[in-house]
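Should a chain be cited, it is by its letter among A, B, C and D, assigned in written order, with residues numbered from 1 in that chain.
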Amino acid sequence: MLREDARKLQLTSVVDNRPLTPDVYHLILKAPKLAAEAKPGQFVMVKVAPGLEPTLRRPFSLHRIDREMGQVEIIYQVVGRGTDILTARRAGEGIEILGPLGNGFCLQEAKLIGLVGGGMGIAPLLAAAEQAVQEGREIVAFLGARTGDYLLAQEEFERLGQVFVVTDDGSVGEKALVSKPLQDYLQTKQLDLILGCGPTPMLKALKSIADTQGTLAQLSLEQRMGCGVGACLGCAFPVKANTPEGYIYKRVCYDGPVFWAHEVLFSLPNEAAKQGGCSGGQS
Amino acid sequence: MDKVDCRVQLGPLKLKNPVLTMSGTFGFGQEYGKYYDLSALGGIIVKAMTANPRLGNPPPRIAETPGGILNAIGLQNPGVDAAIAEELPPLQDLRRRGTLVIGNVSGYSFDEYCAVTKKLSDSGLVDAIELNISCPNVKGGGMAFGTHPDTVYKVVASVRAVCDVPLIVKLSPNVTDITEIAFSAAKAGADILSLINTLSGMAIDAKRRRPILSNVTGGLSGPAIKPVALKMVYQVAQAMDIPIIGVGGIVSGTDAAEFLLAGATAVGVGTANLMDPLGALKVVQELEQFLKEQKIRSVTELIGGLIV
Amino acid sequence: MDKVDCRVQLGPLKLKNPVLTMSGTFGFGQEYGKYYDLSALGGIIVKAMTANPRLGNPPPRIAETPGGILNAIGLQNPGVDAAIAEELPPLQDLRRRGTLVIGNVSGYSFDEYCAVTKKLSDSGLVDAIELNISCPNVKGGGMAFGTHPDTVYKVVASVRAVCDVPLIVKLSPNVTDITEIAFSAAKAGADILSLINTLSGMAIDAKRRRPILSNVTGGLSGPAIKPVALKMVYQVAQAMDIPIIGVGGIVSGTDAAEFLLAGATAVGVGTANLMDPLGALKVVQELEQFLKEQKIRSVTELIGGLIV
Amino acid sequence: MLREDARKLQLTSVVDNRPLTPDVYHLILKAPKLAAEAKPGQFVMVKVAPGLEPTLRRPFSLHRIDREMGQVEIIYQVVGRGTDILTARRAGEGIEILGPLGNGFCLQEAKLIGLVGGGMGIAPLLAAAEQAVQEGREIVAFLGARTGDYLLAQEEFERLGQVFVVTDDGSVGEKALVSKPLQDYLQTKQLDLILGCGPTPMLKALKSIADTQGTLAQLSLEQRMGCGVGACLGCAFPVKANTPEGYIYKRVCYDGPVFWAHEVLFSLPNEAAKQGGCSGGQS
């Protein structure tokens, strides 16, 4: 009765779940099947508690994929009910997850890869950096955060390549947005590929830098999700298309979460917002 | 008890078991077909189709609420022609294996409802058509199709005239008297009723002072609405004699049994598919388990079996 | 921010803060008064009163559902005379301390509504009267008082004529168009609307094949219905200019803030009292906390402040 | 702001929570305040999980009240969602409870007390037996259960007085209902007071025995509850009264859970069931 993707529903066990800052946690899961097949940039839907509540699973990117140990790591920020519940899970407890989901980064033939991460967006880039270096590519990381406390995994990146850090408050590195060191860098050097993840304003800036510089860039996007498997159309993100409206909605969970920067739209063409559809209770 | 008989006769439709997956929560079956063999299901009701392709609403389209979710997808779909050309053909093998494939039709005018229905009916690709008349955005009108008996009668009668397959009419719960609407739909020729669609609702992010859904309001579904759905199914089943697909918050075999007892002949699983990709399959398996435990030989014994 | 101003003007009523406890979930205040000083509340709406004592429904009267509960208490109350003699006098001290005491009136006929209202109004023991017109059991009729605009108009107008205190009309959510009902109530002289009362629902014990409530159906309340309540409050606030008490599933200060943003001037806490005897107090405290955290000086800044 | 009864909301900690049979658990809570003031026959409302789900607390009688250790004990049967969740709570975890609630047994001047328990109904009787014996009274216990496995606390009762046991299947003691040994006993002896707890048919039988023999009897009743504190009128039970209908509804949580057998009605007079009240969504 079950088919191949049913393997993605797996009971993992918590190896560790500890706070890095008061509101950012590092979760390590024993999940051999997942570790064996997951790719950087893919994500999982975590059932934060057994039973009916909360209704939906929570999506988190893989921060690290450790094939040898059969483990995956997630870094999550406590922003609401689901992540709050998650903080209570202790080592040894089981957590049901669904994954790996989505497409992951596509490193192509890139020799020198720029990784641009803002805040929690740094998390999934480490997995990509580790894979890239393992494959003999070179990386350079541009990491930004509110304060030094939120600069995730800085040391890990420093072991892998050159790292530029900035913070909003200047507590660590330059007081700037992460687009600044990237732009500075691109004045003199070229990147074969940029991988970006972070808050929307950062991604917008990144897209415009990539567009103007003509650098290929992939962005990992977020959207509120329902199913996580491509069926409910809940996680829509607008991308350019040859339609009368100039765009269509793609599914972050299935067609993404990684998209080419040049296809993504951070604001809709003209009357788009008005073109609603069936509102008020329908779907 | 080793074997139980799960087959039901849903009006003109024969189902291998009473569990259907509900429109909008199951796409065109493709994604979940990678998780399990869909022939385990009684049938699948595919995503709503309209005359032309529709983009759908801007995101966010989903908000979580206690015991449920709100959605405002906005009927994103490739349009009926593309669906007939690309989405429905891969499902034909399922039909040969006895799992029904049912088209869900939405529209913004009488004409659109009729046009889409006719194309689907003529295509030969669906076993039945479910009419989604709960959409409040109506061309020129502003009054919802599904909330006034007269409009319900008119749209169902028009569609009935061009529909050569069994016609299911899906009712909105956002009404004062569901039996009144049910009567209209039945009188106009509906073979089967499915109830309920989502309850109208809203979620707000207090800190940002903004609605969570871009569409402001959305449709509430999931376990939270089960009591409302059960009551409406019971009420309609008491009031009249038409086969009912009971829908709303079903996540387990016991939930399904409750709807059958209330008077439904089949049940629909929606949000449970989002909660767990094996959600609908589990309902099928648990319902069978429930029958075994309760030593009930045929699922039909449950239908309308509530002792009051 | 040290001090925030929680006072609101709810139509003709001055509230020290916008949090009221809702009828039927708070008795006549006595039990919860042992848990905390009720003067922390903006006001309390006491249990429904009828002309004569009422026994109420046989048990079970409560069923739990996902995210909510169903109840079918059946208006058990000692009758308005006994309430005036025994239940309301102990609450008068609260009124002196600035916490409103509001009577909730139910009835089975126009006459009963008027008679009970007049007695309460004349007693001088309540600051306002809330009319519960959502009860479907009507003498001779069968149609609910609260679900048809004409009946709503008639009952509210009749009651208005004998009511010398501010009149709150509590609306049923089990209607096709809540704004239509709200208009009728306002036109007939309601000073304030409270919405929503419970959603009609049902729970079934599948193994016993029986409804859980002796009354078969009941009223759904609690967090599960919050999205529906929010939407109705928003819809009425958009449509007309009448002060609203927002009710349905409020268990936290953030929930309260959401209702205020949607357009309510005050909020009502019901099921949360059952979940935790300090439930309503926590809403008061958390709302104040919310204002401080968001650096909002006066709670009135939230009212209708949703950015759409 | 808080008043005296707010003390009843207390965070207890789990000392032990283990199965006696596959579906019956023994829960021991560290709860000094509760142990200090609780009386046999009182109950607590247990919040089986933090957060919004399940909506309501679950009522359980106190099986044992240990003032010295500052502990209370509960025996519960797993019958649904709430009790199922409760089985997962581990030693050291916190559980919020509300209690003590209700009135408890009233032993009065009784010298010889008969305790009649069926199934889970045996649980609260142990606390009463222990108190009675401590106060120098004599007890005799009549315990019945489906099978021997469900005969709770038989040994504990045997340490306190004479015990008669019966089971439905005859696996332990006589194959009979628990009313049988009680009736036999009453043929030759007299009890000053009977305390009863168990399934409704047993309580009915007990009431009729007490009525015919003229023995005073108190019954501990169950009802689905909302608030547990007397405000919502959810937990109604019919008792005789001088009203036109011949009865009124009392609150199990507040006026009970212990009622005099002679006042309780297990079936309503005549047309009572018809006298519905406001149905369908209202209250």
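FYI, a contact is a pair of C-beta atoms (placed from the backbone, for glycine too) under 8 Å apart; a residue touches a chain by one contact, two chains touch by 3 or more.
As the structure is a prediction and not an experimental result, all values here were calculated from the model.
Asks: What is the set of chains touching both chain B and chain D?
Replies: Looking at chain D and chain B together, the chains touching each of them are A, C.
Asks: When I count C-beta pairs in contact, which pair ends up with more: C-D or A-D?
Replies: Answer to which pair has more contacts is C-D.
Asks: Could you work out which chain's C-alpha centre is the most distant one from the centre of chain B?
Replies: Relative to chain B, the chain whose C-alpha centre sits farthest away is D.
Asks: Measuring centre to centre with CA averages, how many angstrom lie between chain A and chain B?
Replies: Those two chain centres are 34 Å apart.
Asks: Counting only Cα atoms for the centres, state how far chain B is from chain C in Å.
Replies: 34
Asks: I'd like the Å distance between the centres of chain A and chain D, where a centre is the mean of that chain's Cα atoms.
Replies: Centre-to-centre distance between chain A and chain D: 54 Å.
Asks: Name the residues of chain D that each touch 2 or more other chains.
Replies: If we look for residues of chain D contacting two or more partner chains, we find 52-53.
Asks: If you look at chain B, which of its residues touch at least two other chains?
Replies: Correct list: 65-68, 174, 199-201, 216-218, 220, 222-223.
Asks: Can you check the complex and tell me which residues of chain D touch chain C?
Replies: Touch residues, chain D against chain C: 1-6, 8-9, 52-57, 98, 223-227, 229-238, 243, 245, 247-249, 254, 268, 272-273, 275-283.
Asks: Going by the contact rule set out above, which residues of chain C touch chain B in the complex?
Replies: 65-68, 70, 147-148, 174-177, 199-204, 206-211, 216-218, 220, 222-228, 230-231, 234, 249, 254, 257-258, 261-262, 290, 294, 305-308
Asks: Looking at the complex, which residues from chain B come into contact with chain A?
Replies: 24-27, 31-37, 40, 47-48, 53-69, 71-76, 106, 108, 132, 134-137, 172, 174, 197-201, 212, 215-220, 222-223, 251, 271, 273-278, 281
Asks: Across the complex, what residues on chain A touch chain D?
Replies: Contacts found on chain A: 51-53, 81, 85.
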